[in-house]
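Each of the two complexes below includes chain A, the first together with chain B, the second together with chain C.
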Partner chain A sequence: MSTYIARRLLMVIPVMLGVSVVVFLVLTITGDPTLVILGQHATAVQQEALRQSLGLNDPLWTQYGRFLWNSLHGDLGRSWLTETPVAEEVLARFPHTVELTLVAMIIATVIGVIVGIISAVRQYSWFDHMSMVGALIGVSTPIFWLGLIFISIFSMKLGWLPVAGRVDLTLGFEPKSGFYIFEAIRLHDWVALKDLVKHIIMPATALAAYSMGLVARMTRSSLLETIRQDYVRTARAKGLGERVVVIKHALKNALIPVITVIGLQFGYLLSGAVLTETIFGWPGVGSLAVNAVQNADMPLVEGCVLLISLVFVLVNLVVDLLYGFVDPRIRYS
Partner chain B sequence: MRNLRQWKLVLILVVVTFLGTSLVSGCGNIGKKDLKVTMYAYTNPRPYNPVADQLAEAVAADLTKIGVQVEIKKLPWKEYRDAVSNKGEGDMAFIGWIGDNGDPDNFLYMLLDTKQVSKTANMNLANYSNKDVDKLLEDAQVLTDPKARLEKYVKAQELIVKDAPWLFISHSNDMVATRADVTGFQLHPTGWIDLNKVDKPAKNGKKILVYSRGADASSLDPAIPDDGESFKPIIQIYDGLFKYKPGTTELQPGLATSADISKDGLTYTFHLRQGVKFHDGTPFNADAVVFSIDRQLPGKAADNMAYASFTFGLVKSVEKVDNYTVKVTLSQPYTPFLANLAMGLSAPIVSPTAVKKYGKDFGVKYAVGTGPFILDKWDHGSKTIRLKKNPNYWDGAPKLDEVIIKVTDDNTVRVNELIAGNVDMIDGIAPADVARLQGDKNVTFLSGAGMNVNYMVFRTDRPPFNDPKVREAFTRAVNLDAIVKTLYKGTATRANEVMPPGFFGYAKDVKPYAYDVDLAVKLLREAGYKANKPK
Partner chain C sequence: MGAMKRLIASLKPLYAKAAELWRPIWKRLKRHKLAVAGGAFFLFLIFLAVFAPLIAPHGPYTSEIEHAFEGPTLSHPLGTDEIGRDVLSRIIFGTRLSLAVGVISVALALVIGVSLGAVAGFFGGRVDNLIMRAMDILLAFPAMLLAIAIMVVLGPGLEKAMVAIGIVTIPGYARIVRGSVLSVKENEYIEAARAGGLPNWVIIWRHVLLNIMAPIIVRSTLGVSEAILDAAALGFLGLGAQAPKAEWGLMLSRGKAYLYSSPHLVYFPGIMITLTVLSLNLFGDGLRDALDPRLKV
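For the complex of A and B:
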């Protein structure tokens, strides 16, 4: 087991090296940044001086070496636009993305699994048909479209939920970390918590839609398969109630493939957050990345991509390891 | 047979008429050359031209209609600047300018004086040179009486428009929208957002205004940044020696009550307002003014002080005369210096005590001026700047209790926030969202020509554009009113001259050559080129 973990962790290195090469090359081939930085008063002399100081005249491999060396030391450079350290900026935004992703994950899992169970138990009922059509819509609707529809209904028409943002700024809620919901609970600030929930519910649901549909369909089909197995028939023959049979016996085994799906969805949710955050003005890494691309702020783009890739790789590793705990039949060697 | 002969006759008649008319219509072109020109255009959107190369297509289409052969060369902005400004490529080139201090010198001298023609990093891209214009512009730099200066600038613009070194296209509008219950807000041509007189109904006993924009400030130390997003909070926190009058770039007293300018134009004596205090309680006096200017002087300014050399580059020395009098000596007479002192960046007066006390944290965590609002907190993580009112403000305490300046990256999201009533005020409005804002009765939409000009230069130093007739013909051949209307959908104002309306130096009676295709054709032929009336 520990050798397996070690091997997988070592595998992270070439993957991240690959990512860094791609990110670096994209950054370099997009050209000379000096005019972006210097603005309209820039002279040729100033441009050359800046090129020197940014090391843009060095050979490509020297530049890459420097980039890699600095990255390994946690120095991702400074934003061209705001001149703040990239690492600082990206890490400040990261908790917001994590919180959004986790809430989306919870919504997707809870609703997805419940709907899946009911559909399986009442196969071919009107609920089953309706929810499977709903799941299909959820799986096939683009996030940005769903987000816009939510906003136009719940914010613009009904005025129930705020259009965008993390928290009502007039409340003066300014916790130390970016995990606002966690902080509100810790500080027992229920007014802020209520407002935070109002802000997170639309983006999280829009983000969760795809995964929710997938989890519901997966749960349904997996449970249907399990229910037909011999041991379930045995349980029923023992005279156990239907509820106990489904929840205690069948569901436990049926959920193994579902957990795989949920685990893999985490990565999807993280990357899907880019769109959701832009639409809902969510101050996370996704909207930071989109903004950085629009401003041609390359060090910042680089920082966002590196962080998201690293988290993606690590989350997949954790999911792989979790299989072993859920399904004792899986052994690592 | 007779019938046939008649038909032949008719046929001959038709042919003769056809040949005759085509000869007559084309006879203006006998012995004339084809006119071939290259037109350079950038492909990246610019603040003064969000549709980039579509503009070039539209202008070229109008020129093609009268038989000019236009070759459009499109380049991304970075390469474009190099080709057009360093290498001097192209017969015509699109470009634009964003003003710094709103003074006409910053537009006219900067972009059209002969001294600004240069082989590399050329500012006067038209290579325009008119001795009379040069004299007017250079005289205006030395004159101190605003009326006399204005006269020079109006005259200069009359000459410039007559010479037509540019195609004067448009001024991109500044656009701000507020909730309808926000009152007292007036748009200023420099983009100055003055929240001092703004009011809104109280909620839970407090008047908190939430203002949403596209990006965070880079620094709140006025000496350092050069971006508009820093300018917005800075002007709430600080005052300069002078400020702009509402709605125009004419100057009025700020922290200085008056200025005496010596006859030779070299010495400026500023009389300071008494009894003003910085937010940290220290008094505003001559020492503060000397400190604020001195740290930006040539040789002393730090590398990251973006506007120091622009604002104070000509200052030789700054001295305290007494507690409320400061003397500034320039190395050469230069009246636009006064306009520099009203700028929201570089010019505002800082608390010397605070700058010394906070060191590197000044402008990052702390900002201390004399302005209508006090910096409460700048949260860099959430990109939120919180201001609270300065009840002792010398020009009357603000009506709002607090101002929250926050960032919403996406333009459309910001508009949604305003329409849904989640925020009170937004800027950075995209053309696509204008109609939605104008149509909403809970929203007040304000727009006016901003501190910029969008234009195309003719290279006046070489054929074909060294001939004023060709320049006039081109100006008359392009239907700019229609182009500006279609391309910018009401987010830009048609330019009649160099200066945007609302600015000191704007000549309201100056108009460029009117759209007149027939005259354009005539002029081109007179200049010796082939031209046709559009079919």
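For the complex of A and C:
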């Protein structure tokens, strides 16, 4: 097992190299940045000078080598528009995305698994029918539409929640890091915390809806499948109580596919954050990336993609390791 | 000519066998009311897409600027948009675009993803490592981000969105198929087939893939709905279908500026996306139950 962990850790390196190649190629293929940087009225001479200074006339592999070397040193270049260092800008935005994603993940996992278990145990009950219809609507609704509907109902019609943003600026809440909720708890600033929750609840729920539905459906179907297996029948035949049978015997095996789904959901949530953040004016990496794409600010696009991908790869790693831990039958050869 | 006849004759028992295999599945599927409803709605959507010009009360691009921003009326049952185009007609024409995106991008991902996953899971070792690490590189990007990055390279457009969504979803199929193959291939009957000296591709095709058909079919039905969602998201971000196309995501994105004054511009296209995706999900769910009778009590 420990050699497997070590090997799996080492495999992160080639994957990230692959990612960097893809990102680099995307950046290079998209063409000549000089017009974006200099504006439409640049002369050919100015363009050529800039191309020279950016190193765009070097052969591709030289450019990639430089890109890789700089990236490894934490230098992701400067934004073409604002000229601020990309790494600085992306890292400043990152905690906001993490907090949004984590809250959504918790909502999705906790509610999804519980609803899935109850539905499976009480198959074909009214709870089962209602929650599965709810789960189906959850996985069927476009995240951006759900967000807009939330805003239309809870902000515009009812006036309960703020339309967009991270925190009410008039509160004078000035945390040291971007993990606002964490900071508010650490500083015992309950007024700010309440406001933060009000701001995060709509985007996080909209973001979680799909994963919640998927986790609930997956838990239900996987548990139903497990419950019908021989060893569960044996457990029942031994005279064990239904609760023990489900929780101790069936659930453990049933949750294996669910864990994979939850792990894959992390990427979905990070993807969804791109849309959610755009709609709710959330100051995270997602909205930064969309703005960068719209402005054709390639170094910034590349920085966002690289960072999010790195995080995602590490989460995948953890999921893979957990997979082997919960299902010892899986052979790692 | 004779060869053709012989070919047809040799296929006949195969058809009969397939019909025999599918009959009980179809019977079980018919009993699943929600699945039938989902399937029926999806057929209705196909009908809408095919006969859109005959059904739609107005043209998708016909603009009556004096009727802009009207709520639902008799002549415009779902209201009009910011330049007075009929929302209902645009939604009906939009079915064509969404269905095309769903089916084409899934077909693309399915062919590549299933082959890669089956080969990786069955052979294991170096092949598995190579394929799955390549998939890992694709999976290392959150789907929407990768789709956006591909769209940045390809340029905006609906056809390009199909390709982008197809590429992005390949690893999902590969992973699921590989996982199922891994669990199936430990079974005794695979060992028996091996011991019987069957060539690998026969074992993969007949004994492995046919046994994991259920998750693949269910996955692709859900895949179509996901592709429709993704295409709408790209359209919403301005990277997919371009104005003035009647694409649902694009309509939403244009409508969001008037969310406060004319919410119907956001409500109706979204409801249509949800219903389409929901119908596919219901159908896929029923299909899953029908394909795997062990789950039925």
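By definition in this document, the second predicted complex is superposed on the first by the 282 of 333 C-alpha atoms of A that agree within 3 Å, B and C clash if a C-alpha of one lies under 4 Å from a C-alpha of the other, contacts with A are read in each partner's own complex, and residues count from 1 in each chain.
We adopt the following convention: contacts are C-beta pairs under 8 Å (C-beta built on N, C-alpha and C of every residue); 3 or more make two chains touch, one makes a residue touch a chain.
This one's a predicted model, so the numbers in the text were calculated from it and none came from an experiment.
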Touched partner set for A:Val103, first chain B, second chain C, both or neither: neither
Contacts of A:Gly178 with chain B and chain C, given as first, second, both or neither: first
First, second, both or neither for A:Met156, with chain B first and chain C second: both
A:Gly281 touches, of chain B and chain C: first, second, both or neither? first
Touched partner set for A:Leu169, first chain B, second chain C, both or neither: first
Partner chain(s) touched by A:Thr84 [first = chain B, second = chain C, both, neither]: first
Touching partner for A:Ala208 - first (chain B), second (chain C), both, neither: neither
Partner chain(s) touched by A:Val290 [first = chain B, second = chain C, both, neither]: both
First, second, both or neither for A:Val261, with chain B first and chain C second: neither
If touched residues of chain A are counted for chain B and for chain C, the larger one: C
Interface residues of chain A shared between complexes with chain B and chain C: 151, 156, 278-279, 290
Chain A contact footprint on chain B (complex, rising order): 76-78, 81, 86, 97-98, 120-121, 203, 206, 208, 210, 215-216, 218, 226, 310, 377, 379-384, 404, 406-410, 413-414, 416-417, 419-422
Of chain A, residues touching chain C in the complex: 11, 14-16, 18-19, 22-23, 26, 29-30, 123, 136-137, 139-145, 148-149, 151-152, 156, 217, 221, 224-225, 228, 260, 264, 267-268, 270-272, 274-275, 278-279, 289-290, 293-294, 301, 304-305, 308-309, 312-313, 316, 330, 333
In the complex, chain A residues that touch chain B: 31-32, 35-36, 39-44, 81-84, 92-93, 151, 155-156, 159, 162-166, 168-170, 174, 178, 278-281, 283, 287, 290-291, 295
Residues of chain C that touch chain A when the two form their complex: 124, 133-134, 136-137, 139-145, 148-150, 152-153, 172, 179, 182, 225, 229, 232-233, 236-239, 249, 252, 256, 259-260, 263, 266-267, 269-270, 273-275, 277-278, 281-282, 285, 288, 294-295, 297
